[in-house]
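Consider the two complexes below, in which subunit A is the common component and subunit B and subunit C are the respective partners.
After this line comes the complex of A and B, so read on.
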């Protein structure tokens, strides 16, 4: 957004000569597609004034608590989270923030489903949301397997047959604690975080979808 | 806590009471979000951020 940006002042139809500098091309593309007044807006359309639009941001808040409590748990280890009072508190904080994360993610899903949030070029935003939902279920499942207690052993042994029956037991072994723990604390959270950032940027780029029938007339 | 949950059984529907309470609570919360008035601070917004 600097005053010296070469992309500013050009007419929309004009094609600027292609720069050889990839940093310049990247900066121009960001200026074109992700202007700051869209990324950090201070005003919203009138129809955003509903509690339904709050579910998404509450989901993100819950995810922040999930990640923060998970970082503490992974740093301190299973003996701490089972045997100490503070450890059990953080264990509970992690568990209950996950419950809120899923509850508000599903409420956000209902809201977006009934307002057909995939309209007007927002299909990719919707599909990334679906993928986040799927990965979140897998992350929660590997979390149950990472508790290091009898419940996690019960889940692992009962799930093993299902995974074998589905044909994925050889490379996704629920009895392999190291694999489940590694997936739970590293790969899957990183995937969710990257996709959530992409999801938010896409929402901010295009804005919130308009209501289906705002004036009682034709669909927009 | 170590006892099995009670189950609600109605025709082909079979669901544990804790799950039923959570889903019922979510439906109630969704309905409240649709009905409850949203506080408006300051002026009405325009179409910023809405391509």
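After this line comes the complex of A and C, so read on.
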């Protein structure tokens, strides 16, 4: 850890009291792990030109549209998206942004799989990705239950058996609109957002992985 | 633990770095994806088939409503024998000693006969003396007598006809059941049952457990769902009404319900159709954990090296000056 702090350590006398300051230690840790030129680099290894890298970025973009349209829907309230043309349009925008989000995320997942994107200390990035994938499915599921239409009714009636059979239904009742709606608009999106930020910070901290190199180089 | 700030430079040492505008890429992606989503939304709209009410059910198929209500009284519906979390009549699903449905117990108590039939009728019997009398006859009868009435009425319902929106059956000894049921149909057709089941003694309402369970016990809603390809045996969980995509990402989860052992009564290794929900959730949990652990699972993590898709992805890296480009 201390190998990189030689510049701070250069001023004698300052090191001992400084290292006791939590604030300073946090700042130094951030500087060390994620300096601004790692967070927002203007240069990338030349192999980053591949189109597969676009999948991650368009997933962020689709997520942004999902959240933006969802914020409008939740602000206006459930009656709006059934009873007004504008509401219906925002409902459609939300619906299709979600479909795009999943398409891009799955392409990104397969891309990262075939790039073995977890190499050289990036396993946690992959694992957080899988958790994001799982929570996204749960969020979409609660969304289908929150539509307040015929599909919601039957998805609920169908899904209750799966949830109850596994004991989950005792706490997570798909027939309870209030619970599903609250989870859908609040907790789950917040969870996804936090995890996506963590995911991207982890990518930026390490930089994108090198190509698979069977003769050494990037070790799996 | 290595310090990552230092390693990123070390990691890239000798790798040619080129200009790359991440922020521009993100902004362009936002605009591009936004235009795409706006266009699709404008052209294709989205699914919104109105929900079915108990009132529509009672109007469109009063015989099914009465049959369902009769079965509720007989304790013969899905919800009546469900088990946890609604009641303790059924044992719930289990796989060997794993029985989470039972472990968590009855947390959302529903007594089908009372909740769906008797209590709504009691509320409606205020100022309706004929119904009040029928209800007390019912409640004062022995269980034996009730069963006889129910059996006879159930049989008669198989040939019931609808006249003036009401359900008519051949004459027979059904005790107070015809009076109770004709009232129930009347209340339901007017929308009263939707209210009575949803309101549940409270003003504000966000929980539709009761009306959904009741509708799920009948065949009317299930019939509509069948037409819309929404039932479990039709991969229903991932479908939507109309031509719209549903939760396509649930394909793997839904697939298990269509194959052995989960669709077979005899099953395999303790998994069968009667504990399919638990079985599929256990399997999917294991598969999700495996996906998360891919970086550590020998064969799975090696496949991307064996299948040279990475050579397509990083074409530049592998094609020219092979060897020279490597750090």
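Just so it is clear, the second predicted complex is superposed on the first by the 195 of 220 C-alpha atoms of A that agree within 3 Å, B and C clash if a C-alpha of one lies under 4 Å from a C-alpha of the other, contacts with A are read in each partner's own complex, and residues count from 1 in each chain.
As a convention for this text, a contact is a pair of C-beta atoms (placed from the backbone, for glycine too) under 8 Å apart; a residue touches a chain by one contact, two chains touch by 3 or more.
Only a predicted model underlies this, so the values are computations on that prediction, with no experimental measurement involved.
Student: Between subunit B (first) and subunit C (second), which, if any, makes contact with A:61: first, second, both or neither?
Tutor: Touch partner of A:61: subunit C, not subunit B.
Student: Once the two complexes are aligned on chain A, which partner has more residues of subunit A within touching range, subunit B or subunit C?
Tutor: C
Student: Quick check for you: in the superposed arrangement, does A:43 touch first (subunit B), second (subunit C), both or neither?
Tutor: Touch status of A:43: both partners.
Student: Taking the superposition on A as described, I'd like to know which of subunit B and subunit C A:173 touches: first, second, both or neither.
Tutor: Touch partner of A:173: subunit C, not subunit B.
Student: Have a look at where A:107 lands relative to subunit B and subunit C in the superposition and call it first, second, both or neither.
Tutor: A:107 contacts subunit B only, not subunit C.
Student: Pick one for A:149: touches subunit B only (first), subunit C only (second), both, or neither.
Tutor: So A:149 only meets subunit C here.
Student: Does subunit B (first) or subunit C (second) touch A:116, or do both, or does neither?
Tutor: After superposition on chain A, A:116 lies in contact with subunit C alone.
Student: Would you tell me the residues on subunit A in contact with subunit B in one complex that are also in contact with subunit C in the other?
Tutor: 38, 41-46, 48-50, 52, 54, 106, 111, 205-207, 210
Student: Subunit A touches which residues of subunit C in the complex?
Tutor: It is residues 1-8, 11-12, 15-23, 25-26, 29-30, 32-34, 36-38, 40-42, 44-52, 82, 84-85, 92-93, 100-101, 103-105, 107-108, 206-209, 212-213, 215-216, 221, 224-225, 228, 230-232, 236-237, 240-241, 244-250, 275-278, 280-282, 288, 291-296, 301-302, 304-305, 307, 309-310, 313-318, 326-327 of subunit C that touch subunit A.
Student: Mind pulling up the subunit B residues that touch subunit A in the complex?
Tutor: Where subunit B meets subunit A, its residues are 22, 26, 29-30, 32-34, 36, 38, 40, 44-51.
Student: Which part of subunit A faces subunit C closely enough to touch in the complex?
Tutor: For this pair, the touching residues of subunit A are 1, 3-4, 31-35, 38, 40-50, 52, 54, 57-58, 60-62, 64-65, 81-82, 88-89, 91-97, 99-100, 102, 104, 106, 111, 113-116, 118-123, 126-127, 130-131, 133-134, 137, 140-141, 144, 147-171, 173, 175-179, 181, 205-207, 210-214, 217, 220.
Student: Subunit B touches which residues of subunit A in the complex?
Tutor: On the subunit A side, the touching residues are 37-38, 41-46, 48-52, 54-55, 103, 106-107, 110-111, 204-208, 210.
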